[in-house]
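Consider the two complexes below, in which chain A is the common component and chain B and chain C are the respective partners.
Showing the complex of A and B:
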């Protein structure tokens, strides 16, 4: 038995490229099921009383947009459908623009939305955990003004909002630190507010243990699949669902090449053994 | 004019995407150019951002608008300047003071939070009755959670040789760790493919208009 040849990895790149591109052009419509963690997030928002106030923290930047932007859009859409007033903030500087972009994308669906009444963007504040901790004591100390320079006491949405006890739930869209972990540690573990979130696939394994009996996190959206599942529950197909066919195709290619790699490894080992004899 | 710049932005985005992707074939001048522009732009962006969105609203404006109420902000300002002194070799040592304050404060705050969230609450979450579940799948899941936690911790207990019952538990712990590494790899692969999907959605949708953006 001859030694198996190595495949030039550029062929694999090309295959992945076309494997992802084709399902995006020619939709396959592969089945997708929703999971318990995503259902928990959906139920949390769906069961909020009309007129509640929620805090959504945009803790990511354009590098994580493909994964987190679709879930941000779905979550914000669900909140607006349920008449939940939204307070946007960001622990990442460019999160401010991410929140703005979501509102820009949804403005045609919700033409009656009023800034300062239905939603507000408080902007970015440096400090991570310390900032969140201060928000738990007094919102106004951390954000005396919104991102446009308006005094938050003059905004109707901020009426009666002094700390986390006046917030229905906290939701962090997180691509790393500071992000969802800090929100769990402060908003839930220190102040007892229901906390949920969406994270990139890379950080999901580290965050999933917080979805536990203690309900440190009330559900979690993990990566593009989490976003796609939420779009299904919301019955509002978006870029996440359309990307899942491509995701499955790419995974299939990876699995096939892992098998080929292992077979090659096994053949090489056998060839070496036979050569040794 | 607005339309022109929007189109220009999309074309630049597409060209830079291809320039970066070209590295997958081999290193080349297009990739190098795109890389250098990205580094330069990032440095410029963050400098401007830090001045206009952090320093001015958090330090300059409070001090100039109401000094009496905000004079305490002078302390972090001085500490910040002291930190920058590490750029001057002769008085580099001054930067150790603000650094020590940062380290001390951070460890003090983080210790309490991590102890509560990552140790106490996580431990409490495993102290459950595994047989209280809606279905047998949940019951098995809970049993696995308890076994996995105990055996995983046992694996990291190094004060006794891993033989006998301890050795078996440690071995089971390794298997649980392996499964978690596999899950982490799977999620990482999914995340990387998601980034490619995002880029292709941009190229095929916003740029070429073949698919709905």
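Showing the complex of A and C:
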């Protein structure tokens, strides 16, 4: 493609900026459908018996918040609605704050929730896959205390939790490694626990092979769209649904520019041929 | 001796862990459990080592006034501030050396460490990540040109997945009758992601898995020694 024919990329940047900003300010409410993978995640949580215990791992940091935080909020909300007790942990150091922030955002909706009874935050532990493997053998060796320094033997929610066999399901909100891959390989493959998760849009293709007939992953929430679909299923519209309009506008602008780029390329090619003749 | 002992440790630990996968009984199961705990302890020290390394690298760059040394100074100052605040008043519900710092927390609304985390760090990281959107858009515009059959295929699937993964897909093809459901853009996108993409990813994963087995064996058997440093 001839350089002279290329559009100054600053125009593209400007359009992307307005394309993302406007739908965030003025919500369009474009239609959205739910997909099979998201429905599987919803069904897994919805069919859990009351009082079950689930482990949610926050394996991301603030960079991935726009995609993974709405997912985390919807999942935690669904679990609390179903009276599922939650054990939070993090394979990423910043994940601890992410879990805390979700609880902070939901505390007004669930004023009766008790720390240590309905949920607990075990905090971050370095080691990735080995940490998960050790948790599968003995929770107490890896996390003798929660993130606030409480002995986990004194927390009612941890009563009877010794390893993965005492957990209803595992859910990883993952932005990379260590994350969902490690949880699948240990929690599901080695210990047979139902495992599910949510990932950023860009890492979804690498994780999709685990959603298979063996149900290594029971469904998958992929990117902002996955979060928005979950909000629809939950009938609790949040930031993911409003963010989808912005994402759609950005994609549309990119597609328009791809078309312009191709038209320019073919015109240049034609002109070169004509010149050659 | 300096090289032989680490090689011997690597060989012994590697062999014990491999055997424990096939014979998870005494003494192998127990030994692998112990080794996992050792790994967790060493991982904790690795974080400390990383911080010391960050400190050393930045100090040297500032000392010799390397290009853009001012930025390294900012990194160091930020690092020291965060570590100090964390040590003094703790984070979240855990106390620091001076307790919880109720007076300063009531003024800021958070503990000092958490205040900086929520109001500066979080937004800086989100900004850095958001900038990617602009560069991806620019890169897509330049790269997705239909020059060959392969690039045309890539271009078509990229556009279909992009449309299918947004609300536009539902909007553009939502009117199609049930008999033409397979042309519905979200369905097309799902098909591309589930079959061709996943097939390609599986091939990559199997290749990478075999590669990991190969390089692990090379390390365990002492053929690959670069992790020891030196030559």
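The rule is simple: the second predicted complex is superposed on the first by the 273 of 277 C-alpha atoms of A that agree within 3 Å, B and C clash if a C-alpha of one lies under 4 Å from a C-alpha of the other, contacts with A are read in each partner's own complex, and residues count from 1 in each chain.
Methods note: a contact is a pair of C-beta atoms (placed from the backbone, for glycine too) under 8 Å apart; a residue touches a chain by one contact, two chains touch by 3 or more.
Everything quoted here is computed from the prediction, not taken from an experiment.
In the superposed model, A:86 makes contact with neither chain B nor chain C. Of the two partner chains placed around the shared chain by superposition, neither chain B nor chain C is touched by A:187. Residue contacts after overlaying the shared chain place A:204 against chain B and chain C alike. In the superposed model, A:35 lies in contact with chain C only, and not with chain B. In the superposed pair of complexes, A:44 makes contact with neither chain B nor chain C.
In the superposition on chain A, contact is made by A:24 with chain B only, not with chain C.
Look at A:216: by the touch rule set out above, it reaches chain B but stays clear of chain C. Judged by the number of chain A residues each one touches, C leads among chain B and chain C. By the touch criterion defined above, A:75 lies against neither chain B nor chain C after alignment on the C-alpha atoms of chain A. Contact with neither chain B nor chain C is seen for A:54 once the two complexes are overlaid on the shared chain. On chain A, the surface touched by chain B in one complex and the surface touched by chain C in the other have residues 13, 16-17, 20, 63, 65-66, 126, 130, 133, 201, 204-205, 209, 223, 225, 247, 250-251, 254 in common. Residue ranges of chain A in contact with chain C, taken from their complex: 1, 6-7, 9, 12-13, 16-17, 20, 28, 30-33, 35-36, 61-66, 96-97, 100, 125-128, 130-131, 133-134, 137, 141-142, 147-149, 201, 204-206, 208-209, 223, 225, 244-245, 247-248, 250-255, 257-258, 260-262, 265. The touching residues of chain B, counted against chain A in their complex, run 24-25, 49, 53-54, 58, 109-110, 113-114, 116-117, 121-122, 124-125, 128, 180, 183-184, 187-191, 193-201, 204, 210-212. Residues 10, 13, 16-17, 20-21, 24-25, 63, 65-67, 93, 123-124, 126, 129-130, 133, 181, 184-186, 189-190, 200-202, 204-205, 209-210, 212-214, 216, 222-225, 239, 242-243, 246-247, 250-251, 254 of chain A are the ones that touch chain B when the two sit in their complex. Of all residues in chain C, those touching chain A in their complex are 33, 36-37, 39-40, 43-44, 46-47, 91-94, 114, 117-118, 121-123, 125-126, 128-130, 133-134, 136-138, 140-142, 144-147, 155, 158-159, 162-163, 165-168, 170-171, 174, 186, 190, 193-194, 197-198, 201-202, 205.
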